[in-house]
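One chain, subunit A, links the two complexes that follow: it is found with subunit B in the first and with subunit C in the second.
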Partner chain A sequence: MNDNPYLRHAFRRAALRTVVNAGIVFFALAPIAWGVLSSLKPTNQILEVPPRFIPQDVTLEHYERVIGDKGLLFLGNSALISAITIVCALAIGSIAAYAIARYEFPGRKVLMVFTIGVMSIPIASLLIPTFTLLSVVGLINTHVGLILLYTAYQLPIVIWMLYGYFLSLPVEVEHAARIDGYTALGTLRRVVLPLSKPALVAAALFVLVFAWNDFVVAVTMTSSESVRTFPVAVYFYLGFYGREWGPLLAAAVISIIPIILIFIVLQRYFISGLTGGGVKG
Partner chain B sequence: MSTVTFRNVSKRYGAITALDDLDLEIGDGEFVSLLGPSGSGKSTTLNLLAGLISANSGTIHIGEREITHLPPEQRDLAMVFQNYALYPHMTVAENIAFPLEARKPRPDKDVISRSVERVAETLSIGNLLARYPKEISGGQQQRVALGRAMVRDPRVFLLDEPLSNLDARLRVRMRRDLKELHRQLGSTIVYVTHDQSEAMTLSDRVAVFAQGRLQQVAPPREIYDNPVNTFVANFVGDRETNFLDGVLEGDDYLTFHSGPVALKLGKRQLKNARQKVTLGVRPEAVAIASSATDGMRAEVILTELAGAELFVYLRLASGDEIGMRCDPREVSVATGETVNVRFDPRQIHLFDQESGQTLA
Partner chain C sequence: MFSSEKFTPYRLVGLAVLVELGFVIVPLVIGFWYSVNRVQFFQIRSFTGFDNYWRVLTSPSVANALAVTVTFSVISLVLTFVIGFGLAMWLERSNRLNGVMQAVVLIPYMIAMLVGSMLLKWVFSKESGLSDLVLAPMGMGDVSILADPETAMAALVYNAVWRDSAFAMIMLLAGLKSIPGHLQLAARVDGASAWYRFRRITLPLLQVPIFITMIRLFIHLVNTLTYPLILTGGGPGTSTETVVLKMYRLGFNDNVLGQANALAIMVFIVNIALVAVLLRLFKKAGNIQ
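The block that comes next holds the complex of A and B.
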């Protein structure tokens, strides 16, 4: 090693950073790795003492069980509801955010403060009133009901994220589009949204994570199998007669995989969308 | 007919009056510059015409059609922005095609691409069509912005300081191109600039703005020769106009007095003869007198030689400092020297000392 004190210092810092990061990665990933590996163990080896990290025998029986228990139907429900929620939240959210960002109207500031304010209301406190509301309008236990609720819950954050991004875009480009013959909506569609891809992707991922993982709302608002979402289905393995660890872990793994894949594919946009940053004109 | 008419148009932002009671008529095919310092209301005027902002009062017409309350997309104008405002996510070709795609019914693909190529040809940017705006230079972006405006054969062209982001040489070259473009297109052009030489060289008429008010609108020569007030006199011209405060004496044959300085103005008819006046004379109308009896004594305090011209700062006996612009091949003076200077009597402007309005 070099004797230069500065280099030695830099080396120590780098070493320390590596150790700390490795620690964080370990604590974050170890339970997941444990879950994935355990989901491949036969039932009688899952709770083995002493625990074995690497499975002795590998089996897919738990996965087969989850699929066999209409797992694909529940996954499909979750995917459908998530996808439509994303489309609705982004469509409504982008128009709302654009109006707040670019139009002068009375109450504009109040509206934005209100939008940010409602984000702090805990969903649990809304469950009973929304349950009553959905029952009255006949949307309890339906896909549409869940989509409406998810959209409503996620709109504020979508509006907030897009609003900030729209403000960072050069307004002359939108003026140019108006003069070139496009209506306000045409300008939003042809110019503003294409320039806002990072923010749209970031907002979509937020909505996706919420809609895909939600348990509380779905379990309250739905009862029949035909509308059951995957997180609710997972819950059924925590049955009256004890925990079915194998299928439970397999279901958990199945439910994270699509999210991880989507994040990996879109991470380029996701990161730049979160850190803001505009488009140069 | 693509005349543009502003009638009593005002625009206020809270307590600020950005544009105050504008009356302006722009003829069909005319090239009119809106000239004025920053914040004088030029862009406000242009944006009102474009429909990007709405007026508090007054009406705007294009031809016979009132457009005061129409949204921008229904006004059939084209605009070139100071920062070009190209669509960053589209290629040059897509940028130029964009206004055509907004038409209903939308023209065929090959009709659009033929128009794009024709325009690109005119502006010699045919080789850039596949590039994105960030991949081309400022001057080229400027041309693309012009192309996007030209492609639709608009009734009226609006340009807001389109050259001010270019370097000096390119700016002068683009001036010529713009003038040539206007000759070819023959469309009405409203051109915003704070650069008086741009306005003077390009326009059929110049509209001078200050503090939200239109001061004067006239052909460049007229603006230069007969400014209506001290502001216009000073703003138009390469160098600042010299102003001397003094009093007028005499009935027909007028004399201007300012302290020890006396200046015979000869026979002049004044609209409203005032005692206290401001005399304005451009540096280029100041010259070294041929004989000692003819001029005023002045001391040379500084000289600037700038290539083809010599600029001399002088102090008159009254203490006023004035500038003189002359040909370095004809005049050579040294700092500290005393010279005799005279003002070209045809280029002396008289203004009311209080209001600054012309007395001619």
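The block that comes next holds the complex of A and C.
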């Protein structure tokens, strides 16, 4: 077999593929894996020099500590805020997207440019002014304030994703529904949305990942424990536990588990949102 | 369609427009108003015109932050783009293995930025023992990565590359998919080398997606707060303090909301300029019809 140059060539290619792919996996996942492994070690073994990669004794003590230390409250806040944000963003977004997809009206193009513009403006430059606004109107440090902000930040991408999908649906069914006496909203609710499940799932996932992961907005706009979201709690652990890496890493792992699980199941939906209509294809 | 209902579309988009006005435009207006006043604890003391802007623009620490931001975002942009492009080319063909590999590359992008930066902080910290393990054989046993200005900057860039290459990859993969397969095939039949095909077919046809990817990456990098805030804390000293981190600290540590808002408005203007370029590219790509 080794005398056959084609086979040898194929073998070399396969070997190269495997080595490069292994390198990619290593660089992408090693920091996460190292965090997970360290979080399972007892405190005295975490700082062991030289480090042992596989924990000698596996313990869940750090996880218990994080959960026991109001962890469930913070996880609950994150889940609640994420869920309500999804509902708000999808409800408001689908109605607006429907108008842009199905009506020709003066100002439509301006609206689309505005949508992409807002979608592309990073939150960082809005942070200080928004903090100022929320303080003035009394929404600082509230669940409602965070939900409204998340909705505002995610609406453009939701509108954009749903708009693209609505365009691909056949108009004839909607015409029929209108002739049967449905209003615009009725048609959207009974005809268009039931046909748009993939786009709705994709948009919902996008909002979920944003709301669940957001740290910058939440840490700026909230201060008390009763509204604290989990990422902000992780940040405070960083200050509170200081150099106690056990609970810190356990909190980090708790935060990423739901996202990774959802991502594994629904990966293809994410990708459509990520390109955000920025690239045709 | 249904063009007889003149006002229906406006009623339908009304709520969305209201939300955007309320939480994007109004903050900017208020931020601007604060930026031209002297503010103490949310009390506007006196109108000062562009005094806050002048203070910010002439402040040495802001100049330093600007230099840090440019260094960080340009190096990160180049590396992230090149690696993302490489990944896109490497994993372009659709098959099961490449699908799994794409998912793996995306995981650092999916998890919270805060968590990613914290995991890297642990990797880079002296306490984890990893840096000694890697650096000692290179004769750098005593180096603490996050305590030295240059290696701290390198760690910051590493963080950006580690997370954001996935974004570049996905954007460019979408662009690659839109290139008709028969072009590559025809060139192949004619005996064109891989490098020739890349230069003469892939690159020219990918021009717009490439620019869109680079602009979106650049906007993201210029505005990231989480990487420096978590990984390096802007340190050692102010060697990794970016403009956005400086703005954050002016507002929440130094409590000079007037100056913080002035800096925010300036960052916003830079962003608007970048977004304007992006919009032109979107138009070119035929996304706005």
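By definition in this document, the second predicted complex is superposed on the first by the 238 of 281 C-alpha atoms of A that agree within 3 Å, B and C clash if a C-alpha of one lies under 4 Å from a C-alpha of the other, contacts with A are read in each partner's own complex, and residues count from 1 in each chain.
The rule is short, and it goes like this: contacts are C-beta pairs under 8 Å (C-beta built on N, C-alpha and C of every residue); 3 or more make two chains touch, one makes a residue touch a chain.
These numbers come from a predicted model, not from an experiment.
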Subunit B versus subunit C as contact partner of A:112, first or second or both or neither: second
Partner chain in contact with A:234 - subunit B first, subunit C second, else both or neither: second
Touching partner for A:191 - first (subunit B), second (subunit C), both, neither: first
Partner chain in contact with A:136 - subunit B first, subunit C second, else both or neither: second
Touched partner set for A:159, first subunit B, second subunit C, both or neither: second
First, second, both or neither for A:4, with subunit B first and subunit C second: neither
Subunit B versus subunit C as contact partner of A:175, first or second or both or neither: both
Touched partner set for A:96, first subunit B, second subunit C, both or neither: second
Per-residue touch tally on subunit A - higher for subunit B or for subunit C: C
Overlapping contact positions on subunit A, where the subunit C interface meets the subunit B interface: 175, 178, 184, 279-281
Residues of subunit A touching subunit C in the complex: 20-21, 24-25, 27-32, 34-35, 38, 47-51, 92-93, 95-96, 98-100, 102-105, 107-109, 111-114, 116-118, 120-133, 135-136, 148-149, 151-153, 155-156, 159, 171, 174-175, 178, 184-185, 209, 212-216, 220, 231, 234-235, 238, 243, 245, 248-249, 252, 255-256, 259-260, 263-264, 267, 270-271, 274-275, 277-281
Interfacial residue positions of subunit A with respect to subunit B in the complex: 170, 172-173, 175-184, 186, 190-191, 194-195, 279-281
Touch list for subunit B against partner subunit A, complex: 50-52, 71-73, 75, 77-79, 81, 83-89, 98-99, 102-103, 134, 148, 152, 158
Residue ranges of subunit C touching subunit A (in the complex, touch as defined): 1-3, 5-6, 8-10, 12-13, 15-17, 19-20, 22-24, 26-28, 30-32, 34, 42, 87, 90, 97, 99, 101, 103-108, 110-116, 118-120, 122-123, 127-130, 132-133, 162, 167, 170-171, 174-178, 208-209, 212-213, 216, 219-220, 222-226, 230, 244, 247-248, 251-252, 257, 260-261, 263-265, 267-268, 271-272, 274-275, 278-279, 282, 285-288
